[in-house]
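Same chain, two partners: chain A is paired with chain B first, then with chain C.
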Partner chain A sequence: MRFVGESVTRVEDRRILTGRGHYIDDVRLPGMLHAAFLRSPFAHARITRMDTTEARNLPGVVAVLTGADIEAVTVPIQVMPQFPDFNSPVYQAMATDRVRFVGDPVAIVVAQSRYVAEDALELINVEYDPMRPVVSFEDAQDPNCPRIFDDIEGNVLYRSNSTHGDVDAAFAAADTVIHETFRQSRQANVPMETRGAVADFDPGSGDLTYYAATQSPQGCRFQLATYLNHPIDRVRVLSGDVGGGFGLKGPVHREDISLAAASRIVGRPIKWIEDRNEHLQASGHARDEQIEVEAAVTSDGRLLGLKARLLIDQGAFPCLPYAAVLFPNMIRDLLPGPYRFGAMSFEGLVLATNKCWNPPYRGPWEIETWVRERLMDVIAHRLGMDPADIRRANMFDGDEEDRSITGQHLAGITSRQSLERALDLAGYSAIRAAQELARREERLLGVGFATFLEAAPGPKENRVIPEDARVRLESNGHLLVMTPQGPHGQGHETTLAQIAADAMGLPLDHVRVVHGDTRQTPMNLIGTGGSRASTWASGSVMVTTRKVREKALGVAAAMMEIDASDLDIVDGMVVPAGAPSKAMPLSAIAMTAYLAPETLPPGTDHHLEAQETFTGDGVGGSGWSGGTHLCVVEIDRETGRVEIVRYVVVEDCGQIINPAIVEGQIRGGVAQGIAGVLYEKAAYDAEGQFLAGTFMDYLLPTATEIPSIEIDHLESVPVEGLDIRGVGEGGALVAPAALTNAIEDALVPLGVTINEQYLPPSRIMELTRMVPA
Partner chain B sequence: MIPAGFDYRRAATLDEALSLLADGGDEAKLIAGGHSLLPLMKLRLAAPSMLIDIGRLGDLSFVRDGGDHVVVGALTRHRDVEIDQTLRDHVPLLAHVAGQVGDPQVRHRGTIGGSIAHGDPASDLPAACLALGASFKAVGPSGERTIDASDFFLGFLETALGPDEVLTEIIVPKATGAGWSFQKFNRRAQDWAIVGVAAVRGERTGISLINMGPTPVRASATEDALAGGASAAEAAARAAEGLEPPSDLNATPEYRVHLAQVLVRRALEEASAA
Partner chain C sequence: MNRHPVHVKINGVDRDGYVEARKTLVDFIREDLELTGTHVGCEHGVCGACTVLVDGQAVRSCLMFAVQAEGCEIRTIEGMAGPDGELHPLQAAFRDNHSFQCGFCTPGFMMTAASLLEEGPLSEDALRHELSGNLCRCTGYQSIVAGVMDAFERVSDSTGEGGR
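And now, the complex of A and B:
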């Protein structure tokens, strides 16, 4: 292998860094109009009257469409109605008679420019009759609160219950039971490029072309066809460079359906680029969850049993197509992590509230890591144990028979190695000694660490949706690789090219990765998400390229009259074993296959193209990515400011395709995890008003706020087989745990337990009782 | 986030700016760096019918040594205030504070006069001017007048500047060799202060607070305590007396009171160590 394992320069960088990328706002079509959405200022209200006359009469306005206009030409949305026990409400792409969160779209203005469209928004008169909003976990579980959807009884949309092992016996045998409720806050994905699209319905052909900023072009096409009731063969999605998503752009948004419907109504292309205010208010928020836990432990720190009750505030509408109902059972399965628990019971609820919906956000099940690793520290502190020791005492070693209490097969995990390595690298005992000194000076120094597992792709027995790639050797001997992935910053054009170049035997610049045109790429609804790129996309590119290589060697064998098994492809040349002077350029083989197939012996397969499915066959290794992060903080006891003094990462994602990209993924994830603790909160007030609509209120950390991050790779590679594992989500999964553990550790002298994740300086000062809450 | 429609006029001279202001009435607004006004317009919280651009009035961008004081032209950009040697020598607090505003892009665009005329209680420079005992020269149709900083900030985003007046000069008494400190507490380097303190201790003592009320304010109780010989800690404990600080996502009023006391103590310690 020549390229896999190397930090080759990203293929995308030259284009993007010189301003020659193509994002949605770069799409300009002849006759294109511009859209703006009017949004609800109320969390929950009936629409009693709407008058659009004045807006329609504004010069430059082409159409003003209400929820009713869109409802008339679209199919009502119902997400995952087949999911067992899920009360999935039916809803519309835009509000019709009722608004259900601040930002709910009620009308769309189509105009000659965004300027005119925004002026027209102010001329639409809507009368609202406010209703009692459902805002908190308590509201949503209160049967006296108004139901958000008339077709659903109450606001609990889903409830899952399960028991694993003998929980009663575990609690009866406990020396101590520790009871805590761990609460995290709404955090938003906030990609650099907001949502946006250009919908182009051609009344002549009946084709709908949708230029999307999406993580899944095929998924977007499928949903648009479904909800517009438009023949899917006449829906084409095109996606260029996408400026980030972190899960937000995997879903298809209600605005997407509304915009496409508007284009079909007016028969012209329409662009919609949301502004940052709309984005923060209405695109999506995640992490609004809590878990109440009771842990039964022995005095020497064995984990006998766990009772957990999860609440997820999914906002008003189930996200399309990734409803929050997907996550409770995932959280349940992963909650025990790499530790032995004797027994466990679990209840998980998904609640509807009058807030923005809940799209996937980098590791949507993150709360399992945060709560488990927080709990480990709380137990350690209560028992007077070192947090490292309680982990050591309960951690699986990754033996073949290792299986968590929820049934996850943990053979091959490297949690213990990562923990010990992180403690070593950081100099754990020296940090503890420094902490002793600091405490004598009344300084608050703390160290925290946390270990995570990421099912990327997960153990072989877990069923996962397979993925295809299509690969074509062109007549010049270059390789075209077509993937259903929707890269949005990860560098697929580089990593997939590294894999294909090695599998084929080509220079890197002879491989071109193509994505984002649904007429070329294979079908796959998921696209980029769930760390599938490095696992499933890489695997599909590898097996498909091997197939094309086999075909090319078949043609070469016929042309060179040498058995294919005696031929190799090296650096774009077909080389006979032992006779390098007789090598032929691959381009000559390909040219013959395309232009003169009649010169080949009858029966030679001259089609140098393949589409293959990767099912996970041939994968070695555990299927688990994972690692340990360690964090050292010092807290200013007078102001509550948390300074991250050190941040150490030890991770294992199997064989690394491109170390620079892997480390970028880790750093980005850690930054978002730190942000969830110290900076970012999509805050609502008690009436469901949204409070964080600008970057003055929603604080994204900048490079100044994120510490330097030391990274070490375990890179456990199996004896045989392919072992590339995902790395996209780990940083975001575990950083909140490592950081909050360090914060609690620093505050031990003040007797503070941290059971909430968002800890701005003001909150630290309340917890330390320096300032009244 | 697109402003409502407005007319735009660029003034070539101060006289032209004054006459445009007179013609435009209440609905006309001056614009220089645009860093305070444009965000309000984009959120449609402000919708002036006319913007009068005074950004090209180069005559108003200067720093001049006036003997016992330094005069700073209203259109001097933060970055130019930050690096000016006269200010660094004689009013180092002002130069330092200008270097703490926003981020480098803001500092190369925003102007000291714009910041002061906007009168945001969360801004750094108005508070620094209060601590330094600065005064402001305003020119209007009936001539020019000088307004003391302590009489200038009247209410939330409300100043003593008339709608037909242009702020032209910031006049700052020299504080050569005096102790000084600037304490700015925020969560991200580029943000407004959650609470800030500007302090000067020399021949005159001035302590002022950022974001502790509807206007930039003097910490009068602290100043009085110091005049009465109190220690830094004693004086700092009185930092928030009589103030009603705001509540927002960053801080409750209680937390702001606490921060004011901590930051004033730190400021006094640093200023006296100088």
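And now, the complex of A and C:
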């Protein structure tokens, strides 16, 4: 390994640093028009009348298409109808007779410029008959509330029930039962680049080329073909640089289908770039969830059992193709985390409300970590124990037979090591001493920590969705690596090149990673998401490159008349063992294979290209990413400001490909986790009106709010093969728990229990009773 | 709608345009002048992605009309590297400190930082304050702060290069 493990300079950097990136809004095609969507101002209403005449007559307007126009040329959407027990409603790409959230698209204007398209929006007259909106958890479970979808009874779209172990026995044996309801607020992915696309239907060829800002080019192609009823061989998705996504750009959005349909109707390329207001209100929200939990514990701090009831407010439409119905069972499986207890009952509901839909957001199952780690601290505080000791008393060691109550095989986990390392690095006892001093001065100093596990890729028995790569040795001896991934900041062009360069024996700049052209890359619906890149994409590039190496060595062996097993590839040279002077450049081998294959002995495989599937075979290690984050805060009683004094991360993501990229992923995730606690809320009022439509309302943290984050790695060196694990989601998963634990710890003298995640200064002031609640 | 002539000098090159009065400076730069390195992140002056230098001052080009830039000197991210392609110390420092991930906010940070470089080094706290007008969703800011701090050092180590 020469490049894996090094913070090599990113391949992507030069174009980005010089202003020559290729983001979606940089696409410009001849004859291109511009689109803007008219959106519903009501949470729930019937459309009684729509008049587009005036808009159509505005000079520069090419078309005004309503929901009905789009409905006529597309297939109704139904997400995951095969998912057991999921009441999956059928819905349209744009609203037709009824709007279901503030921001629901009702018309699309196509015009010569975006300025004109937005002018025309003002000229469309829509009359609405408002209906009672379904806004809260209570509304959604109330059978007297209006149905959001006529084809679904009620607004509970999914209910999952399960029992693991003997729950009654566990609660009967308990000394104490602790009962809390932990509530999160709506947050959003909010990449700095909003959604956008250019749809280019060519009436001559019938080809639809869709320039997308997507995390999954092949997934986008598949869904467009499906919902436009367009032959998939005539749908091509092209994706360049993507300005962030965090899950939001994995789904295919209703606007994507509408835009592509509009291009097919108009017969010209159309660009749509969402503005920030649309983005905040209509692109996607997440984390609108709560878990009511009862914990059976002994007086010495052993957890015996849990009862958990999860509610997810998924908004109006199930997200395409990742409906929130996917999350309850993931949350259930991961809720026990690294802790040993013998019984759990679980109920999980997915509720429809008149709000924006719920795409995946960086660790979509995050509430399992937050609630579990919050609960451990609540138990500790109730029993008068140290939060570290309660974890030590219940944590698995990662032994071969270790298995959580929900069946997760936890052999090899390093939770305990990460906990002890974090406490040690932070100087835990010194922090406690400082806290004692602070409390004497009536200062609110707190320390909190939390431990997470992420199945990235998960233990061997869980691995289900394989991934392919395609690799070609070009005639100049350089390697082309084609991946179905849709990178959006993670630096795949660098990390996958590091893997391939090492696997082939090439200089780094002899490897070119290609993504974002569905005519070149293998099929894979997921793309970049679920921390799959470092595990599945890396694995597929490794096994495929090995195959190409074997083929190249076969050709070299024939040319050099040396057995392939006596050949190695070093820095792009094919080197015979013990005879370095007879080395040949790989380019000479490749040139012969391409231009003069007839000179090779009969039967020589001269095709220097391969597509292989990575199934997880040959992966060492536990499969579990994880770690412990520790946070120290001081709370200003006068202002309610929470200052993060220190933030320490101990992370285990197996073997590290590129430390700088890994640390960037961790810090970015932590920043989003902190933001969800202290700054960000996608708020609605009681009528379902959206309240956070600008960056003055939806507060992204800045450089003054996110602290320096200290990172330590528990890196394991694989015995053989590779042990690379995902790292993209861990920071966002665990930071809310570490921070809210620290906040509660600071407020212990005031007897405060934190059971909500969103804690802006105004709420802290209420909790500290500086202002009335 | 009436159009108005606009003349600017952008990255040292004289350019003319003919635009509606309502056209924002960033749209003029991206669409009319075809310099797409400057990005649009919020169109309400909060995120800073569209930051460019107008007569040496960092401004949000989404909050300014193109016609207001009449006669001004503008510098964008495309004007940072030398004519031979040599990276500006800020660009090199951003690269070496992994100061960005998706890169969408980077041009804005770069231009904000470019204006700070003119004024000389800052403490980390002061720098964080100065950078708080630009939003990044990927990095958690630490690597950006490190990149700009590094650039301050590079510029003070090789005077003459940084003033470019």
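The rule is simple: the second predicted complex is superposed on the first by the 771 of 773 C-alpha atoms of A that agree within 3 Å, B and C clash if a C-alpha of one lies under 4 Å from a C-alpha of the other, contacts with A are read in each partner's own complex, and residues count from 1 in each chain.
Please note the rule applied: a contact is a pair of C-beta atoms (placed from the backbone, for glycine too) under 8 Å apart; a residue touches a chain by one contact, two chains touch by 3 or more.
This structure is a prediction, so every number in the text was calculated from the model and none was measured.
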{"item": "First (chain B), second (chain C), both or neither touched by A:T704", "value": "both"}
{"item": "Touched partner set for A:T694, first chain B, second chain C, both or neither", "value": "both"}
{"item": "Touched partner set for A:R20, first chain B, second chain C, both or neither", "value": "second"}
{"item": "Which superposed partner A:D275 touches (first chain B, second chain C, both, neither)", "value": "both"}
{"item": "Per-residue contact with chain A, leading partner among chain C and chain B", "value": "C"}
{"item": "First (chain B), second (chain C), both or neither touched by A:S7", "value": "second"}
{"item": "Contacts of A:Y115 with chain B and chain C, given as first, second, both or neither", "value": "both"}
{"item": "Touching partner for A:H510 - first (chain B), second (chain C), both, neither", "value": "neither"}
{"item": "First (chain B), second (chain C), both or neither touched by A:R332", "value": "neither"}
{"item": "Touching both chain C and chain B, counted on chain A across the two superposed complexes", "value": "115, 275-277, 694, 696, 702, 704"}
{"item": "Chain A residues touching chain B - in the complex, by the definition given at the top", "value": "114-115, 118-119, 122, 275-277, 638-639, 641, 678-679, 681, 683, 691-692, 694, 696-697, 699, 701-702, 704-705, 760-762, 765-766, 770-772"}
{"item": "Chain A-touching residues of chain B, taken from the complex the two chains share", "value": "1-2, 4-5, 43-44, 185, 187-192, 194, 248-252, 254-255, 258-259, 262"}
{"item": "In the complex with chain A, residue positions of chain C that touch it", "value": "20, 22-23, 30, 35-44, 46-47, 49, 76-78, 80-81, 87, 91, 94-96, 98, 100-107, 110, 127-129, 131-145"}
{"item": "Complex interface listing, chain A residues touching chain C", "value": "7, 9-10, 12-14, 16-21, 23, 25-26, 115, 190-194, 241-244, 246, 273, 275-277, 488-491, 660-661, 663-664, 667-668, 670-672, 694-696, 700, 702-704, 706, 708-709"}
